[in-house]
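Letters A, B and C mark the chains in the order given here, with residues in each chain numbered from 1 onward.
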Amino acid sequence: MTTLAIETKDLGRIYKLRGSKKETRKELVALQDVNLTVNKGELFGLLGPNGAGKTTLIKILTTLLSPTSGWAKVAGADVQREPELVRPKINMVSGGESSGYGLLTVRENLWMFSQFYGVPSKEANERIEALLEMIGMKDRMHTKSSDLSTGLRQKMNIVRGFLTEPEVLFLDEPTLGLDVGAMRDVRKFVLEWLRANKERTLLLTTHYMMEADELCDRVAIINKGRVLACDTPTALKQRLQKDAIFEIQTSPLNGLSQQMLVDQPEVTKAAIVETETGAKLNLSLVEEAALARVINLFTQKDVKVLNLTKREPTLEDVFIDLVGRSMAEEEDSGQSE
Amino acid sequence: MDNLNNPLTRPYSRKDTGVWLFLKTIVARAYPRIVGQQRELSWVFFEILLPMLAVCAYVFVYRALNAPEEYVGFVVMGGAMTAFWLNVLWSMSSQLYWEKQQGNLSLYIMAPNSMMAILLGMAVGGMFATVLRAVAVTLFGTFAFSVKFEVVSYLQLFAVFTLTMIALYGMGMMMASAFLLFGREAWHIANLAQEPIFLASGFYFPIKFLPFWAAAGASLLPLTLGMDAMRQLVFSSEFPIGFLDVATEIWILAGLSVLFLVASKYLLAYVEKLAVREGRITESRR
Amino acid sequence: MQTSTSWRSFRMAAWLGWVIESNWTDPFLFAVYSIVKPLSGAAILVIMYGVITQGAYDSALFPYIYLGNAFYIYVGAVMTGVSWAVVDDRELYKTLKYMYIAPINIPIYLLGRGGARFIVGSIAVLITILTGVFFLNVNINLAEVNWGLFIVSLTLGIVMLALIGLMLAGFTLITARHEGFIGEAVAAALYIFSGAVFPLDVLPEWLRPIGYFMPTTYWLELLRRSLVGDVAQAFPTLSQFSNVEILGVMIGLSLLFSAASVWIFKVCDHIARENGMIDRTTNY
């Protein structure tokens, strides 16, 4: 009996794109050579910018999309060859979902989805009530879902995902649209749910580094269809621990470029974000003492230091370390391409 | 709180599979249809009352042409059976197009239920309105136009109707696979097919007046032979109105029922695999 | 500025409507769709007629039925084109709310969206009439056509239908999406009262006033008279009225229906805004 909830080997997916003229067909490599293993009971995070391939990977693992190369197994069954064995054991919640039927109430929509998994009606209704209470929606149980706000609709969808007691639950940016309190409640519940049954597994994709850091046992960083790193958040951050990381707010840069900073021998990584008042720099230095030489460079360019903080590496830093730029910059460059 | 007493994490006593799951799915998917119709009653006007007037139009066309009175009965029957055809086409098959747009389709595919059960649930859910429309048209036509029914055999009539429905809904499930794969294109093709099917199925006139091979080809549509047999069973006429005799049509309908049900099961499974391979389940451009 | 907003709304909506209606398939299949659908509808009546009259296509009733049915295609097409835009935008593409908050004129926008179906409908009408002329002995002598009357009637009729479609769009705003198209359901029901395929005299006496109250009755009569002249006047229903009189009645009734349609749309629009229906989905 396998201890793995999810396993992929050389998983790849290529989309054929159709342009406005039929002859201009292009291919988009959404995933390539993805090798992942997720243990039972793990809360596994998938971190990456928009267009990295996170949703494509989830679609493959949830039997909605076939891979074009490699294979994947979920709960011990091949997603392509044995989807009927996979489906009773999984569920998925996506951010910004609009599933269900507007004319039905919250309770009715949830009951309906529970029936597709063979859950006894009475138990389903009890669970629905308990889950709605947990997530702060019990008073809206009899509201038609077309009358819900976006955030409440998302809460309903989250309940839908947990309602069927899946062995493996896929959460694709599930906290989109939720307020801070609800996000906290959901995170608390997720941990409790996993603790209650060691066989349950959760794969979470998120943009929020803090969320992945706080919740996930392990995190895979994915970009342009490839998994760049996969380890515990602590271990990933420890890769950068040898470097001293500084966050510096400055006045306008007066021509000081990222290349100029990286050309300094002691600077291993530099990311610059222009702000209204100047710029924000994230610098990784070989040693703390190198900071003085960097400040000297600022002085030469007449750049004033407004604020300087030394900080512990975050997953964002790990991402920059792997990709060479921040997640926001990576998304922007993806859009302009 | 321990796992077993915590209502949030207590495991379910069971999860049904097989036939029970199939039936549960039908009930669950029929539920939004049934409840939706109770909560929003405008369909009574647009899908019951207005169609009754539409049927009247064809009656008056025949009256304008001084057609024999049994033709009025043909129109009334055609109008009633139209309800089932429209239920199959627009409330079942093409519904998958709407489900895809809304995001429900991926949840249906991902769940362990059968797509056939989902489709049947849609059809069953719409059955109340469909039957109401058919009955309303029949009763209205009967009383407004003094249509006379003279049933030759209730047993045969029941058999014809039942087999026609089974075959029709089986065919509908096959068509649903087209909507699964093609989305908007299938929607428009279904729209395109309405009038040719009304023509070929003999909704408003017996198909024996079509060229033989046209009528024979049209007989693949369950409603064609179904209506042809029902006309022979409920209307008396001075001239023969059937394309084939009733017994032959019953056998053919039985064959079509089996054929379409079996074909729909395999076609739905095949097309689902194809759609998953091509990534059509969740794309929104089609 | 007001004119500019309306024109902008209409132009953009017409473009959008055409792109949506025409980009679902390749041109060949689109052409097949445009030809087969109307011809099948016409064939139903042609066969019904042929069966009963033993093929008496020379009778005056046949062109009456045929042309009435051909032009009636516009009724369903235009009314559906305008009203279905609400369903498309609200439930399918979920853009209606963005149209509402944009600086455009919503009724004009919806009318523009109906433009594409008008074009497709026109193709259908033309194909149906040409088939009748070339294959079914519908005698239209181009030299004897009253083109002025034809163009004026057709234009006024389309505008009238579009505004009735606006009324249906209003109803669509405040009702759920059901099985069929509201526009086609209403068109099918009006079939009986428009003198489209049989003279109003065939109706029981107590139903005829409804037909006399429909602007479509006079519209179809004018189109038939402009194209086939004597044949159209062979039936007694409106034979005592001159073209000018019928045109006047049609304009009067069209104005009445149009005013009612605009008012009903406004009321429905108000109800929809009050109840948050602009962005709801009602799929079930």
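Details
The rule is short, and it goes like this: contacts are C-beta pairs under 8 Å (C-beta built on N, C-alpha and C of every residue); 3 or more make two chains touch, one makes a residue touch a chain.
Just so we're clear, the structure is a prediction, and the values are computed from it rather than from any experiment.
Innermost chain of the displayed assembly, by C-alpha centre distance to the whole-protein C-alpha centre, is B.
Farthest chain from chain C, judged by C-alpha centroids: A.
Annotation: A-B is the more contact-rich of the chain pairs A-B and A-C, by number of C-beta pairs in contact.
Centre-to-centre separation between chain B and chain C, using Cα means, comes to 28 Å.
Chain A and chain B, compared by their mean Cα positions, are separated by 44 Å. Our note on geometry: chain A versus chain C, Cα centroid distance of 51 Å, whole angstroms.
In chain A, the residues touching two or more other chains are 98, 101, 103-104. Among the residues of chain B, those in touch with two or more other chains are 32, 35-36, 40, 102. The set of chain C residues touching two or more other chains comprises 176, 281-284. Considering their complex, residues 3, 6-9, 11-17, 20-21, 24-25, 27-29, 31-32, 35-36, 39-40, 102-104, 106-113, 276-277, 279, 281-282 of chain B touch chain A. Interface residues of chain A facing chain C in the complex, by the touch rule stated above, are 22, 98, 101-104, 146-147.
The touching residues of chain A, counted against chain B in their complex, run 15, 59, 62-66, 83-84, 87-88, 90-92, 94, 97-101, 103-104, 108, 111-113, 115-120, 123, 126-127, 129-131, 134, 165, 189, 192-193, 196-197. The residues of chain C lying in touch with chain B in their complex are 24-25, 29, 32-33, 36-38, 40-41, 43-45, 47-53, 61, 65, 91-92, 171, 175-176, 178-180, 182, 185-186, 188-189, 191-192, 196-199, 202-203, 281-284. Taken together, the chain B residues at the contact with chain C in this complex read 32-33, 35-37, 40, 42-43, 46-47, 49-51, 53-54, 56-58, 60-67, 71, 86-87, 90-91, 98-99, 101-102, 126, 129, 184-185, 187-189, 191-192, 194-196, 198-199, 203-205, 209-210.
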